[in-house]
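Reviewing the structure listed below.
Letters are used for the chains, namely A, B, C and D, taken in the order the chains are written, and counting of residues starts over at 1 for each.
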């Protein structure tokens, strides 16, 4: 079954219907062919030629599992750093993963954008805002500050920095070293649903925003466990988290705590040897962004997870350790920085394995982001763990 | 299933980047061209070549405003009734609107499906279920019963019949006349977000389901204003409305009431001469379906609405009366049954005008459905009424 | 206002502790007596002398089951109509049920107020508003209009009229007959939690509010099943229902439908022969008032309900038919108009029985209101059906 | 107007009505007196004799402002430690504040319980559970572990330990020193609303629960800022916070951060020199307990707050520093450990003042708990800041 219409809009009706001889199709007769010509003329398409593609028994993603090697990405980003200016026009030196079966679009999955962003010493990425919900995640390096609503936020290895739609933001590299990180956004989702707005901000951020504090104002207000400022009434924040940085020291400790609890015989992990935390909005406990879920997973040395299928897609980046990842029919050995996608309803599992570049613990740490909040908000989420639907 | 760039995957990378000379693009140099070859090889796409399309200042829909004439639709549907069987395979004799700029896909807008469905005397459309949220709306005729969860629901002119995802349903024409109606679903949205499941039901519905009651069981339980059955605990219904039919007599009266209140000097209409009701879930007050909003609008004779822009798209069908509709740069005279689409962020306004086929009142009644619940759930909704953003 | 221990504050400490000899109390010694004198002096009370009363194994209500006969209430109300003026000062000619074990306070239960209100021909009850959430229920008669926010609302047998806190309201009797009805409010709850505000309105309502329309404006906007006015954005109404009258014809039909469905073999009733509807806010599906639940129950001739215990208390009024009611250790024969209370965690059951004053159907119709929304909002609700806790 | 009926239930009807001569009361006539006899006989009370008390223009609390000195409380608690055993029967060595105008009941306010609890070296308070929502707050000392659901939780100066209803809990003093702390519960609220259940647990906790870890399992799972364990699905926790301890080091730092932000010119404090954090449920962002709000306030040296009136009542304990507190018409100098109550709608303000026992910073730290969640859940909350109602 093919959709196959492409660019016929030039030569006539964009609708092209071909009466075909098939078990589940009406018999090809002159009457049918005349009917199809009528459909084309009126810009109509019958369900019966499309139903297999449009209404499959389960999600069959247009995306495919794919792996990008961090080493190659970083090298190309560094090359871009030398020859492509940052600034108005492109706004950012961001280079996006393009899923091989999504038509060459810069879409990691049908809903998610994932890109490496690169900033040279002393460079600024200018201020702008957009309705696309975004975050940064740092797999290596430090020295860039993201300035969100005039609040400078440091970026260091392991930090997660969410940025809900329509907040003005800029980046500046305050050091003598280039720095790379990962951007995640819901650009493809907003592109297909057509909700996006964009605005330029100031050409230059002020000197006051060029300071480089250890902790952002957001962290000083919202980064204390279980404590909220009384000055922020419930419902007054958002959409999205008011906490602009989730620091690695907390994430690391939370994961270590879960594995230690498991070792002591208590609940807390997702499965044996599999710890995981979700970055959440401290004002609501909900996902950190309205359309994007972000999590850090730690799989203990030698442990492996059971295959899980979920509606919606994910992008993973290996933060530390090495292991073997299986997505659908693909299996890869992965190591620090590598990125891969899990399309909708493809079974996913991972095994942690000792490797040359291993961390001390031998655990495999995986950063994950997904479009799950979209599915849950619309009651379209479904999960199957080794044959058990939830 | 194949995607539209299938062939590229055979001959090489699906990513094709062309270094172009433009004000906001990096200078074309051998180094840039080499960089772009590296991107292609690694399946990467830079933001700076795509940002204008992906991140526009405001939504620029890939869909265009378009009008389909009911007279032509019905004639083609009747023709299909003669030669295309209903049943397993196609499952339904449904013929969908294909927006002329969406590549020939049966998508009225990037998120919404709208089709005319046609059932011959005595015919059955077999039982199935799917996660796609659906409804029927009847612009003319009667005689078909939709059987949802074994509950037969009559369909008559003006009735609105929602059907949340994953409910088994069938249709049967209990009369000696063919009948046509409109189906609305979120098929394109679920197609692009990849959430869809589908299951066949029984091949034949039972005799007990072939009875033709005036009121469905759903209406007898949930169709009393402000009253809910105590047997249904809050939270036990849904997703979507447990009320399976919204009858025209109630909709008509509610609209008439609003205009009468306005005439008496009281609030209630949306604007001068413009009454509107939203079909809602009586168990929650929310939209009737998680992804689809449905409303009936009545514009009094001679009245006109102010242009409104909204994120997300709508499909309208003229239920009664005639008038002039303006969507973006298109203006059409419309009359009973005509269907048209309003793409995201295109200004929409309507004027009611006396015409040859007018109803007694001279009012223009418009059925509307949209994807607004998606945008509201994800905090992406925005509305502009003649320059005032809300 | 004085509290019941006013006098103690004059002569000494309001705290009086007596060291007693008991199995679960500390041994009475001079040291203990000295300790208790210290407690008294510092206004302290030890938990160990109070725990049995304060923290019982299950709710032991201070209220007792009690029955009030409608015949006597109406006669006394009529007598009051002759000699007690309505108007500023008393504001209303309302006479409240006083649970015999609540200290003579006009409290039907620890949280609920129930009163008969009586208006003579041509009389007005003046306009005021208060934070207490209120409703009217009409067991007999008609001819009074309640004017809520200048919207006149007719009152007739079987009608339920909610009125959320802080809405201005007045009543006027537009006929030549006196009329009685029931008021329900959360006065005791707001009295003990100390949340109440009160304001006088205009001394006289206007002529425009003295009209006597069949349907109120509220009903014309909100009284259509499953339909909401688009002009009222979600979240813009409330607290409490915007629908100011729930008419008997709808309630009666909904109950009859449930019993008919049961007879046809379908779900819908609460239990065998036991139909029930809850008055709900059409804008949210939630309880009609933030602190008060209201329902109409119909028990078919000869049917009986299983004993149920619930946290929180209820007041019932027999609307039609006759039967036998059991509350805790009390059993009464009841008939039209009779009122009784079910204290917290007292088992309640009812049997419908043919009686002299029976309705045609022989069913027993019971109007009920309760404080359940308070318990559910605070996660304190618990229910036990014949030994099964839910 | 007096309510004043008390224990007349022995001698006859609990209702006693006296016809009185007053401007707003009906004229005293034999007919009125006969009517009132009829009311008494039928257990009825007219609104017109009660309205001033029941429906005041604004809340007039039965409670009065009152102050308890910590020094005296601790001394009496220590005395009780010597002579009153802990264990089954009393269950706890808890001594409650009794508001002087609440009839000698152990109620700090009409809804809140506040008590000092005292545990001798090596003592255990046995395991039990109850629907009353509770917390502990430690103004001085350490060495006791609260065991909640078998999870031992350390208690140290400044720590806040919430414990939602129906969780089994015990306490044990693992040291050679006695320890005192404050218990807060909603006992009076549940007493008047009659929702309370109680169950004994095991007589002895196990050895495994006698370990004395620095951090509880709850903290290891939920005590990381903005991070939630993926193993705990949204909605799977509660009611109330899964985080069983909020440590002083975090609270102190959050308050210091707010004042530092203010000094730098940024928002974050409630008012000038007035920092405040709310203890919140990390799974939802809501109040830490369904019926109880808990906060820590810091008023910088020399700063003072504006008078605020709120529906509902609060109990405060001075955690550190000294100052002057004004509640209604009362003004007190307060210092570490002192407790006082703010009844509903009484204006409250505080000024920080240097005193002999001052902390280094000179700031006044106030722990507060209140019944605000009850009012907000039921839409009964109202606040007035110096004449401005919110």
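Here is the rule we use: a residue touches a chain if its C-beta (ideal position, glycine included) is under 8 Å from a C-beta of that chain, and two chains touch if they have at least 3 such contacts.
This structure is a prediction, so every number in the text was calculated from the model and none was measured.
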In contact with chain C as well as chain D, sorted by label, we have none
Between chain A and chain C, what's the gap in Å when you average each chain's C-alpha atoms?
53
Averaging C-alpha coordinates per chain, one finds the centres of chain A and chain B separated by a number of Å equal to 29
Mind checking the centre-to-centre distance between chain A and chain D? Centres are C-alpha means, answer in whole Å.
44
Expected list for chain C, residues touching two or more other chains, is none
How would one label the connectivity among the chains shown: line, ring, star, complete, or other?
ring
Provide the full list of chain pairs in touch.
A-B, A-D, B-C, C-D
Would you pull the chain B residues touching chain A in the complex into a rising list?
1-5, 8-9, 13-16, 23-26, 29, 31-32, 35, 38-39, 42-48, 50-51, 54-62, 66, 68-69, 72-73, 76, 79-80, 82-85, 88-106, 110-111, 115, 130-132, 165, 187, 189-199, 238-239, 290-291, 311-313, 343-345, 371, 373-375, 377-380, 382
Would you tell me which residues of chain D are touching chain A in their complex?
217, 220-231, 234, 241, 243, 246, 250-251, 253-254, 257-258, 260-261, 266-270, 276-286, 288, 295, 297
